[in-house]
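Okay, so chain A shows up in both of these, paired with chain B first and chain C after.
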Partner chain A sequence: MDSHSASSAGASPGLTHAGWQFSPRATWAAPALLVAVGYYLAARIGFAFTLQPYPISTLWPPNALLLAALLLAPTRAWWWLLAAALPAHLLVELQSGVPVVMVLGWYISNCSEALIGAGLVRAFVPWPLRLDSLRNAGIFLFGGALAGPLVSSFLDAALVSLIGWGERGYWDLVGTRIFSNTLAALTVAPLILTLASIEIPRLRAARTVRFAEAAALFAGLAATCLVVFDLPQFSNHTAPALFYAPLPFLVWAALRFGPAGTASAIAVMVVATIFGTVNGLGPFAGSTPQETAREMQLFLSAVAVPMLLLAVVLHDRARVELDAREQRLQLTHLSRVAMLGELSGGIAHELNQPLTAILSNAQAAQHLIANKSADPEILVEILRDIIAADQRAGEVIRRLRTLFKRGETQFQPLDVNELVHEVLGIVHGDLVTRSVEIVPELAATLTRIHGDRVELEQVMLNLVINACDAMAGIAPEQRRLTVRTRKVDVEDGAVQISFSDCGPGFTPDQYAKLFEPFYTTKPRGLGLGLSISRAIIRAHHGRLWGSSTPGKGASFHIVLPAPRGR
Partner chain B sequence: MRACVSVIDDDALVLRSLDRLLQSRGFEVHTYSSAQAFLEQHDASTPGCIVMDLSMPGLSGLELQQALAHSADRRPVVFISGRSSVEASVRAMKAGAVDFLTKPFDEADLVAAVSAALEKDRASREGLAERSAINLRLSTLTPRERDVLSRVVAGKLNKQIAAELGTAEKTVKVHRARMMRKMQFDSLAELVRAWTVTQPLPPAPPQA
Partner chain C sequence: MAYVAIVDDEEQVRKALMRLLRASGLDAESYASGKDFLEASALREPDCVLLDLHMPRMTGLQVLRALQAARRTLPIVIITAHDAPETREQCLAAGATAYLRKPLEEHELLDTITAALGAKTR
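Moving on to the complex of A and B:
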């Protein structure tokens, strides 16, 4: 264990993990108490799930609880937690009239199960263990749920035989304990592990609909399990089909509620099944207690393992997708900010115009008043112009703030012509400085398309700036950029936006590389503009492409589909 | 004729505000919404200066400055610009602009620049008037009198001039007296100054 305690000490002190906070001088009182109480209750549950009259527990959760506690705690806390379980173990076992030696023997075998399982897991996964990847889940299943119960059961049965408690044979004992404890490890440990890793703020942020869905899922699952496993069976022929009845709910949990939801659903099903079986109900009743228990445990384990793995894989994939989306958002934002940086000179011009008008108007008014030559009508005009200039400056700031903001994509109905005006407004100063004349050819009426305003404006800005850059080498009076919007007749209600410049254009060879990331023809370009633009338009279910007559100019076209069904 | 300030800016709000400000400070102001409009409408004979934006759609401020430099109209230019591009301001100043103000500017700077520009225009117009008067008198000289004049101005003695022209010193003296009378100069110093003024104007500043 020493090597592991070293690694856990390396896991920075003070790290927050799943609600437990560890500091260098951590007090273990609360976790230890929790383990003691939990162990006691788990043992009571284990006793309750015993098939009468033969005393075989079908599910023995205390060991699984210990395993979960060890996996959640850093290695140096393990001895504390195991020690905390002893009083609970003594309390619950001595009540049932078992000799003290046997009680202590069981304590040793129970602890060894948790230690073997947790030790194996810790050897491969540093603390803390999270069931959020297939690797972690696999290691947990093999180490914690299989190897722990398996190895410790030989020890347990040996102790029982040595002490001479009971009349059952060694291999019989080994088999019974393996199945019972494996099922417990599969049911209880993932439940505790996944529930402990739930982030409370995220739970609070969840919408009521999610809670309603969870309630529906668990109500449906509980009802189905009740019908299938807790009612007298009239015909054995229906049994195989009935076994599949809870599966849809488990898949639902895996798809929508992650490992924690799935572990909870499995726990519900296990409890319902065992409850029915120990009361002589459900499809497993009818054979000898030992056979009944074995059948049921195999069935439940066979369901729990794939469902847990499915939930983990889905969760992992969702997380990867979320990461990718977050990265795309970041990249999009970065390239937008970089683009606005290029425009900063023109934007300064756009702000300085109204500021000049305001200052000069105000100073003119000052003189008019000081000279007593102020005609009230002129003063009214001056004030009107000051207000107009101020509003114009405010508008520039508003547009910029929207573009600088980094946020989630928000789809809404948009007027493409309005977007074009906004974009041309932002680049106006730059267009003037670069002597680029805009020729707008905007369709009178267009269907509103569904899209994210900021991202679409970013694409148009990118195309306008590219066009201006492309025309930097030609005579100023020839720099003309045509912006055209039109309805695409063949595609019902789709809108096309085209930007056509009079620059040198591009060859087919260049076009092949144009949309590749980091391809650029500009001395200071990143080469991300068009590739990000295309990604944005694809996310809008639209198309972005270019066409060119080399030497005469290039055109870039966006087609955005009309919203369907509305 | 009263000097007038021609303000050119494509932004109507800015144009109106500059019109009001300069008028409130007692200037005569004409406004134009583009360099093209100025070229078409302004009266080249009116003295004055130009206050204009550097970057405007169509003909830009720098282009108008060049166009004026190639014409007879050399009215001084004050540039105002919304962006402080060092390169553009250097080009403007090299091309002979009086001042280069970055928007938004204080009225004191604008008034100072406009006053300096008007003063420069007045001085250059006065110089022009003097030059044309002297040129007129120069045109009344005979070729021989011109030969004498150019050599007098170059600081040569009558004896040397006579030798160069292959004539008698006495004859040179006569030519010289007649030339001085026609040019209405009493002293050699006056003659030299007038000669300097009438030298052909330096060529238009090179366009960067």
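Moving on to the complex of A and C:
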């Protein structure tokens, strides 16, 4: 290492989830050192995976490592990384007694493979590449695992022929190199790319049971691969069936551990298979070295490609679902906040009442004390009332804070009657100012249902506000809202909550559109309340529907199932 | 001693206002609904009324209109925890003497009552 790199090694270039971060001041030393060390070790592994006396490795990982390094780095850092590989290349190749010219020729063809692959990928996918969509994975497979090894192999074989090293024919060299390097690009590069994209905080946050599952998966896979690929073959007839034995583990990895888990599982299988084969064990042993290598490489490549794609597709779908869920949560929260905005007048009423009691009580006490006519008993009573009023105001704030908060859905056992009381408490101010009388008809005992308190309160609030709005046009003394809870006997403990108003009701035509998003009959409504309410109730495995006799009011009913396994 | 009737459905508010008015040297009684007040006021007419606007069954506005219909002119101070500009106009049009927002400032409340009592005696 020169003095420059040694002095800058203390800087903090880092492998982040996005790729290598390069600060403007060349902090390339650590990534370059990583590439050099990695290249050297990868070449040693490549040499170890050689089928003696056949001189070409069955898996040549250094080029795939270079490819992954280039894909993780910004384009302007590529030359530094390729240069960093040169000392490692010279160190490892010159040990094997190859002429310097040939060693340099291989350096050129190795670098060209990484450059072609990375260049093609970079042309279509901006830095950094993440194997998290079918498009990205497809471009990587085509550019990095196919075009790079293919094109560079022609160059490599031409250089070998030109220099006159070895005795093998041009096409033989091309074919052998393509398979060996493609397999490496399919296994090593995705492994590095996906491991580099793991977010450390998320890994730290993972529960022990996840780690246990991963350990079980990899132990099972390793044991299976050991039995299938690393034991002497008893009979050639059983071999084809055994090939499928590791597949369940790979599918498990794709389903549960994403592209990183799948790439790791593929790597385990590839290492186990090659290890067995170079030691003359497992189903591939027995043919000529060339045939053995070819069969094994084809098998491993044929398994790796679909498994990687499966993992990427599943990961992509899970991400889309997560995004949709996040948006649904945001929309639900927004609509809840908008609804609380509608209630602001009523909320002000609810806070002003206790504030009035507190202020007038305190001022009365001041008078009593100033007039020296204060009976201690009366003062105690006043203070008690002040405390009670203060607590009431605090309760209003508490209820609101819960509803304003944006959080994950949290299912818990809930008493429906208590929810109804809570909701009526929140809208109390509105009910009073709008002269709506509540007629509660609550069942004495109800099964506790399983649900999210805030979301269910949101649905009930929405129905109460709708009912109040519907009754705005009738005489104040006729505005009655009946809230009924009851056990649904035919549905094994399910609970029904009904809100019945005395408004004009709705026609069947109106009902058909009532739950559609953005349908509203209110001048300032968003038209999202009922559609979000229905989505919430569906997520609770319940039902929400309306019924009406036009001119005689409308009713909305929620049925929530009792928790299973009671 | 001037007699002020307080009409409010909130018990805590009723109690607090009654204490304040009594401590300020006024005679005060309270009623939980418009109906209770109308019945009681027929027997003993107050010198001034603090009337809450938003009450169940019978609102403050309905009480005002009932008094108007009975051709009874009483100094009425509307008190409300829910302030909407249009209700102020409605109340004044229906014969209210003054319109105050809760929470009630002591001086403003007592000044308003004093002014209302003065108007009655004039």
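Assume the second predicted complex is superposed on the first by the 545 of 566 C-alpha atoms of A that agree within 3 Å, B and C clash if a C-alpha of one lies under 4 Å from a C-alpha of the other, contacts with A are read in each partner's own complex, and residues count from 1 in each chain.
We adopt the following convention: a residue touches a chain if its C-beta (ideal position, glycine included) is under 8 Å from a C-beta of that chain, and two chains touch if they have at least 3 such contacts.
As the structure is a computational prediction, the values presented were derived from the model and not from experiment.
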item	value
Combined model on chain A: chain C and chain B, fit or clash	clash
Touched partner set for A:L91, first chain B, second chain C, both or neither	neither
Partner chain(s) touched by A:A223 [first = chain B, second = chain C, both, neither]	neither
Touched partner set for A:V101, first chain B, second chain C, both or neither	neither
Contacts of A:N352 with chain B and chain C, given as first, second, both or neither	both
Partner chain in contact with A:I382 - chain B first, chain C second, else both or neither	both
Partner chain(s) touched by A:A364 [first = chain B, second = chain C, both, neither]	both
Contacts of A:L203 with chain B and chain C, given as first, second, both or neither	neither
Doubly contacted chain A residues - partners chain C and chain B	345-346, 348-350, 352-361, 363-365, 367-368, 371, 373, 378, 382, 385, 388-389, 392, 429, 432-433, 435, 437, 476
Residues of chain A defined as touching chain C within the complex	345-346, 348-350, 352-361, 363-365, 367-368, 371, 373, 378, 382, 385, 388-389, 392, 429, 432-433, 435, 437, 476-477
Of chain A, residues touching chain B in the complex	345-346, 348-361, 363-365, 367-368, 371, 373, 378, 382, 385, 388-389, 392, 429, 431-433, 435, 437, 476
In the complex with chain A, residue positions of chain B that touch it	10-11, 13-14, 16-18, 20-21, 23-25, 55-58, 60, 80-83, 85, 102-107, 110
Complex contact set, residues of chain C against chain A	9-10, 12-13, 15-17, 19-20, 22-24, 54-59, 62, 81-84, 101-106
